[in-house]
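Two complexes, one shared chain (chain A), two partners (chain B, chain C).
Up next is the complex of A and B:
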């Protein structure tokens, strides 16, 4: 009968694969989100060609609408609009990257705002170029401000990856669902899945704490 | 030589500088005095291009402040010391001083740091080299600010109310250094409230009032009863600032 076949060694393999997918989706969307979010934040800060406002509007939409809706929009919308095939994993990474980028952009802008602007004037008065000011003064200081926010965002986005199971990505949550449906042992399966997320989150937190320490304001880039 | 012709600077409807003409020769120490809102700081900020001039012209060693390329050259030649120090909080004292020499003058890192260390020694702060600005007193920060400006080996030192944020004791420690520099022959343009200091170091005093130069006199003339003090506005200003 369906649902009472007990656990097998293959469940462990399935779990490991799900973990790999979850982590892969998380990592790639975090990196892409960081890159695009930073670009959006900088465009807004320097108000390049006046598109900053438009980008921020987009990022407001991504921040204030359900990720699941965004996921459906990308997974079903993009193939329909551009007549291209999109695998569930691709759709998942695109969606989460966009969503992460929206939050990163806001963090980047607020972190740059937190810097005392008069020191930038001082730097300008010493003939440093805008690029040098960005690289040597704005970047290290705003990174120190941003780091704790980046870390809590990362932990949040890790949990959000579980939504991608809905469009058929076989991530950790989907694996839990598959094993549960077969074994009917929800009180074994879901705690294990939950603890896996928990351990992953703790790992991210640990790494984040290290980075925070490394980039704390007074230590940041003390070598010039 | 700094040559300012008919300089106007507006902030929106507010006209801050209304036709300033001023020449500063190499080696001169010029103090710019005037009440709050007279445009003193704005004048200095126009020289290093931190404020865009509305009309008129400023030439520093024949470089035009309105030309972007020239402005960079002007900024290499004019170093500014700021009222609020404006040090880089994420860099050690030594790196604060060496940042521009390394990145703008393209000095070798090691040489720049050795030179920064020498400057620190000259202001008796060498033991603070690896400390961050947050751990310094105001007077110490301003001495670092002076080192940071001097590290660029500027032709002109622009001092923008450098003691206004300091208590009298710290003011004294900063003024000692500036007096020494004035004697060494560096060209200085100093916006200040410290009449005594202006009197001590300046060759020339420029009195700014409502965006115009009211008097531009040698120091002795300015402080004489027949000279500057014969002008009621200046007499009033000086008496208010505690100089009889």
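Up next is the complex of A and C:
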């Protein structure tokens, strides 16, 4: 069965499916990571019931250990400890969301810190509620500040999704591995997979640049 | 139930894995620093072709996942008649890939240098090569110790991916321990904490070193 089977039209289909899985894992873990990361960042900022520090310590470990090991921890460790079933895709999305959230939390905190404290004092003396301050003053400005960091994080996390192939998710990298094992054509297969990731990254960069431009209008007020 | 003591018995195997991780990391840090320095110099060169080639290099290696690069090297090199083991394949691929990040960091360091210093050196009659070796590079590198440190810490974390090409480093060793003990949660939790503590300690050392080397700068 092995070796020199040549490429078939089904390889193209496999490539497209892998691309879809990679994109799906990337998109869902980015969105979940953004939501949870923002929540963690806000809990830390308002220091709700003192769990902010614990969450940030957890984030530090997620930021400072290999994503591959985190994947193993979730995919092999959690089902063994709690005797539950996790599919590779579920484990992949849980791990990458958690990892993204850890980075997002730190970005959120540093971009809130970047806001001029006088603005918050002024807002409080105008008797704005904390919710109004968050929505009208903190949110637009910190988002403008955070956008470039979000974009470079997204490009990085896109590459990190390739690791999910190791726990058996049939993403772009796994498709490359499957086709490579069958055809023994590493010089055709891997450059194609590499270029696909490259183009995806450039696409994310392009969209990110547009978002950056759109949100940067909120930064004008702080420069006056 | 959770059994934190499970790792104790397997410390020798864990230590062996750590040694391999340390060896790959040190060799790749040296390799990526040398290649990165060359790319950084090409990146600021006056020759348009050199600049473009360096930019292309950086762009390629920063936008393609390391796992794809390592599979390409691991399966591709034997096809062109280069037979090296997983260890050296890992070292070379890591050096080449991380060099892209090193180059960008050093380039940023070079471009942050006060132009007045370079003009002063020129007016003192320094030669072009001397300006680079005695003025530009020492300043650029000492002022970017901290960002270079985080690039290299990332490199150490990336060595875990070499377990995918069967190199027996920390992650591979832990995988074996996890499958012998049937205690994957404890083993991988231990590994996450181990990597975390290792990188905290290293970044503390780097931050201290950075502060010491830049003690005469106001910033």
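Things worth noting here:
The rule is simple: the second predicted complex is superposed on the first by the 215 of 224 C-alpha atoms of A that agree within 3 Å, B and C clash if a C-alpha of one lies under 4 Å from a C-alpha of the other, contacts with A are read in each partner's own complex, and residues count from 1 in each chain.
What we mean here is this: contacts are C-beta pairs under 8 Å (C-beta built on N, C-alpha and C of every residue); 3 or more make two chains touch, one makes a residue touch a chain.
Here the structure is a predicted model, which means the values were calculated and not measured.
When the two structures are aligned on the shared chain, A:122 is found in touch with chain B, with no touch to chain C. Shared-chain residue A:68: touches chain C; no touch with chain B.
By the touch criterion defined above, A:191 lies against chain C but remains apart from chain B after alignment on the C-alpha atoms of chain A.
When the shared chain is aligned, no partner comes close enough to touch A:20: not chain B, not chain C. Judged by the touch definition given at the top, the superposed model places A:132 against chain B, while chain C stays out of reach. Of the two partners, chain B and chain C, it is C that touches more residues of chain A. Once the two complexes are overlaid on the shared chain, A:141 sits against chain B while remaining clear of chain C. For chain C in complex with chain A, the residues that touch the partner chain are 2, 60, 63-69, 71-72, 75-76, 79, 153, 157-158, 160-161, 163-164, 171, 174-175, 178, 182-189, 191-193, 195-196, 199-200. Of all residues in chain A, only 116, 118-119, 121-128, 132, 136-137, 140-141, 144, 217-218, 220-224 touch chain B in the complex they form. Residue ranges of chain B in contact with chain A, taken from their complex: 48-50, 72, 75-76, 78-80, 82, 84, 86-92, 95, 98-100, 102-104, 109, 132, 134, 148, 152. For chain A in complex with chain C, the touching residues are 60-61, 64-66, 68-70, 72-73, 76-78, 80-81, 155, 159-163, 165-166, 173, 176-177, 180, 186-187, 190-191, 193-194, 197-198, 201-202.
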